[in-house]
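Naming follows writing order (A, B and C), and every chain is counted from residue 1.
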Amino acid sequence: MAIKTFNNIKLGAFVLTSLLILILLLYMIGRNRNLFGSNYTLKATFENIQGLKAGNNVRFAGIDVGTVKKIEIKNDTLVEITMIIDKKVKNIIRKNAIVSIGTDGLVGNKVVNIIAAKKIGELAKEGDFLPSKKPLDTDDMLKILQKTNADASVVAENLKYTTMHINQSNIIWSILNDTLLYKNLRNSIVNIHQITENANKTVSDIKSVVVNIKNGKGTLGAIITDTVISSNLNKAINKIYNVGKSTDTLVIKLNQITSKINYQINNGNNIIHSIFQDSIIPLRVNQSLENIENASNGLNQNMEALKHSFLFRHYFKKKEKKKLSRIENK
Amino acid sequence: MEQTIIIKRFLDELGDMSRFSGRFFSEWFKPRYEIAEFFKQCYVIGYKSLPLIGLTGFIMGLVLTMQLRPSMVDYGVESQLPAIVGIAIVREIGPVITALIFAGKIGSSIGAELGSMKVTEQIDAMEVSGTNPYKYLVVSRVLATTFMLPVLAILSDGISLYGSYLGVNIKGETSALLFWTQVSNSLEFYDVLPAFIKTYFFGFAVGMIGCYKGYNSSKGTEGVGHSANSAVVISSVTIFILDLLAVQITDLLGFN
Amino acid sequence: MKTTSITQLTEIPETIMSISNLYKSFGSNNVLINFNLDLLKGKNTVVLGKSGSGKSVLIKCIIGLLKPDSGSIIVYNENIVNLHGAKLDKIRAKVGFLFQSNALYDSMTVKENIEFPLRRHWLKVTQLEVSKMVEEALEDVGLSHTINMMPAELSGGMRKRIALARTLILKPEIILYDEPTTGLDPITGKEIINLMIDIKNKYNTSALIISHDMNCVRWAGDRIIILLEGKCYAMGTYEELKNSQNQKIKQFFD
C-alpha cells in the first residue's frame, strides 16, 4: 500500500510537471500575442497596409507593445486597423503619435510603428484614432512638385501678362517720346519685370522648400524646428512679402498715371500738351519713376540678401548648379 | 491469387482491429470503472518511460541544433537558430520522436504482456473472476497511453529545448532568457495546439494496437513474440500515417 | 410410483448441474455433438478423453467462456448459455475454475492473486476478512509461507496449489478442474489429487475434472465419463470402465 501511494505521488509529480511546462509555453506565447493581461485598443487608417496581417506586432519606439487585432476595409481607399496595446504604455502614447507600417528586418514580418510626435499632445484613449503617415512614396512626391511648378507658372503668366500689357501700350510708347522719361520708364519697367520675375521664382522656390519642409525632407526640416531659425525665416519671408506688396502699389500707381495719360490723349484736348509743356509734371513723373527704380533696386538687394542668407544659400547654389548643367547640356 | 489472399488477410485484420477499437468506445464510459488499474498503468506506462524519452529528447534537441547550425551560418541567420529549432521540436520532432520511442517501449510491452496473459489463460481467468478483461486490461491501458503520451511529449519538448539550448551554447553565446524568448516568440498557438492534440491520437494508436495484438495473440511463446513485434511495427507506421493526416487536417482548418 | 421415486431420491444424489443436448462446432469441425451430462452433488465426476476431443471446450462452455451453438447448461436454475454480464458473474462466483496453465497473474503477488476474485466479485468484505480468507485458503493448500512471493518464484506444483487456493477463496460449490495434473511429475500430481479429494471432503463440493491422466481418473473420480466423438460415450466407475470389453473404452486403460 505504501509503495502504491509513493507511486501515485511520483505519477502526480510527473503529470504536474508536464502541465506546468505546457502552461508556461502557452503563457509565453499568449503574452507575446497579448492574449492575457490588460490592454486597450487604438486605431489608425491607411490607404494601403502593404500586406499587414492580424497578429503582427505593434512597436512604440522599437519596443513591442501590442499586436494588430483586426483589419477592416472601410471603403475603396481606406483601411482601418485596430491594435491591441499593452496598458503599460497607456501613459506614454499620445494622440498625435504617428502610425506607420514598416518591415521587421529585411525579409521579416510587417510591423506597425508608432512614433511619438515632437509636440506634446493629449494621451491616447481607448479606441482613439492615431494619425497615420503614408509610406514614403516617390510618385506622390513628384506629383506635388509638379503641382507646385504649375502654380508657379500660373503666377509667372499673370505677371508676364501685366507687364506685357504695360509694354505693349503703344499709346504710352508714342506719347512718352520724351527720351528721358521714356528711358526711365522703360528702365523701371524692365526692372519691375525682373523683380517680379525674381519674386515669382523666389516665391515658387520657397513654396517648394516649404513643401519639402512639410514632408520632413532634408536637413531643412530639422533646422526649421529650431524656433530661432524659423523666426529668421519668417522675417525673411515677410520682407519678401512686403517688397512684393510695394511692387504692387507701384504698378497700380503706374497704371493710374498711364490711364490718366491715356484719358487725356483720348480726349484730344490740349491738356496733354500743357502737361508736357508744364515742366513740373514730367519731372514728377520722372521722380516717381525714379522712386520705382529705387524701390525695385531695393527689392533686388533684398533678393540678393536672401540669396546670401545661410538658410537658402544651399538651395540657391543648387539652383545655380542646375542652371549651369542645363546650359552645358544645351 | 496470392495477392488477393494477402489483401483479404489485411482487410480481415483491419476490420478485426476496427471492431476491437470500436469496443473500446462502447465500453470505456460504462461502469465499472477500473480507476485503480488506470492509475497503475499510468505510472507504469507514463512515469517509467520518462528516463528513456527524456534521454532521446535531449539528444534530439542537441543534435538537431548542431546539425542545423552550419546551414544557418551559411545563410547568415545564425541568430534564428533557437527559433527554427523551437518550431521543429514543438511542431514535429518532439511529438513524433516521443511517440515512436513510446511505441517501441510501451507498444511492445503491452503486446507481450497481454500476449502472454492470453496464452497462459490469465485473460480467461479474469473473466471467470467476475472481471471484464477488456475493461480491466485494454481500456485502462489504452486510456493510460492516450493520456500519458501527451504528457511525455510535453516533457520531451521541454527537455529537447534544453538540449537545444546547450547545443546553441556550444559554439555561440545565448542566455537562457534570450533563447527562451526567441523560441516562444517564434511559436504560435497554432504551432503548439495541433502538435499537442495529435499526441493523444498517437497515444491511443500505440495503446490500441499493442492491446489488439496481445489480446489476439496466438498460442505459444512464438505468438507472444510475434504480437510484441507486430505491435511495434504497426503502431510506428500508424503514427506516421496519423501525422500525415494531422498535418493535412490542420492545413485544411487553416492553422498552418 | 410415488414410493419408488422417493427411494430413488434418497439413493441418487441431487443433480447440481445438468448439461443437455450441447452442440458446439468450430467452422466445419464439430466438437460437441448432442452432449449430455448431469453433475451430482458431492461427487467428483471425471471426463476422460483424448487431446482435442473437446474436453476443454466443454468446460469452457460451462463457465461461459465459450458459447455453445445450441443446448442448455442449467446451474442453480439458470441456463448459463443465455446469461451474460452481471448475472453470469453471479453464477461464476459460485463455480470455481482451475485452469490448466494455472493462469496466475504474473504481475501480482500470491496474496493479490488469491484475493483478486474476492475483490472483483463485488463482495462486501473488509480488508481484515479478506486477509483471513486468503490465509485460510493458503492453509488449505499448505502454502501459507508463500503469501508475499511472486508467481514466477514458485515451482509448478506450488503454482497449481496457489491457483487452487484462488479457486477456493470464493467457497464454490462446484469446481471445474481443467487437466489439474498435466505437466506435473507423478508425485506432485498425486499431491494435487489428494488435495482435490481433501477439498471435496472438507467443503462437500461437486467437481467436474477433465483429464487424460489415469492416476487422476482413478483416485479422484467417483464417476467417470468417456468423451468420445463429441458425445458422452460411456459412464461408470473406474473399475466398471476398466473391465469393459468395448475396444474404444479399453484403449484409455491400456
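Just so it is clear, contacts are C-beta pairs under 8 Å (C-beta built on N, C-alpha and C of every residue); 3 or more make two chains touch, one makes a residue touch a chain.
Only a predicted model underlies this, so the values are computations on that prediction, with no experimental measurement involved.
Innermost chain of the displayed assembly, by C-alpha centre distance to the whole-protein C-alpha centre, is B. The interface carrying the most C-beta pairs in contact is the one between chains A-B. Most remote from chain C, judged by the distance between CA-atom centroids, is A.
Here the CA centre of chain B is 43 Å from the CA centre of chain C.
Spacing of chain A relative to chain B, judged by their CA centroids, is 66 angstrom. One simple way to say how far apart two chains are is to compare their mean CA positions; for chain A and chain C this gives 107 Å. Residue positions of chain C with contacts to 2 or more other chains are absent.
For chain C in complex with chain B, the touching residues are 60, 63, 65, 89, 92-93, 97, 99-107, 116-117, 120-122. Residue ranges on chain B touching chain C, taken from their complex, read 113, 116-117, 119-122, 124-131.
Contacts from chain A toward chain B in the complex involve residues 4, 7-8, 10-11, 14-15, 17-19, 21-22, 25-26, 28-33, 55.
For chain B in complex with chain A, the residues that touch the partner chain are 39-40, 42-43, 46-47, 50, 90, 150-152, 154-155, 157-158, 180, 184-185, 187-189, 192, 196.
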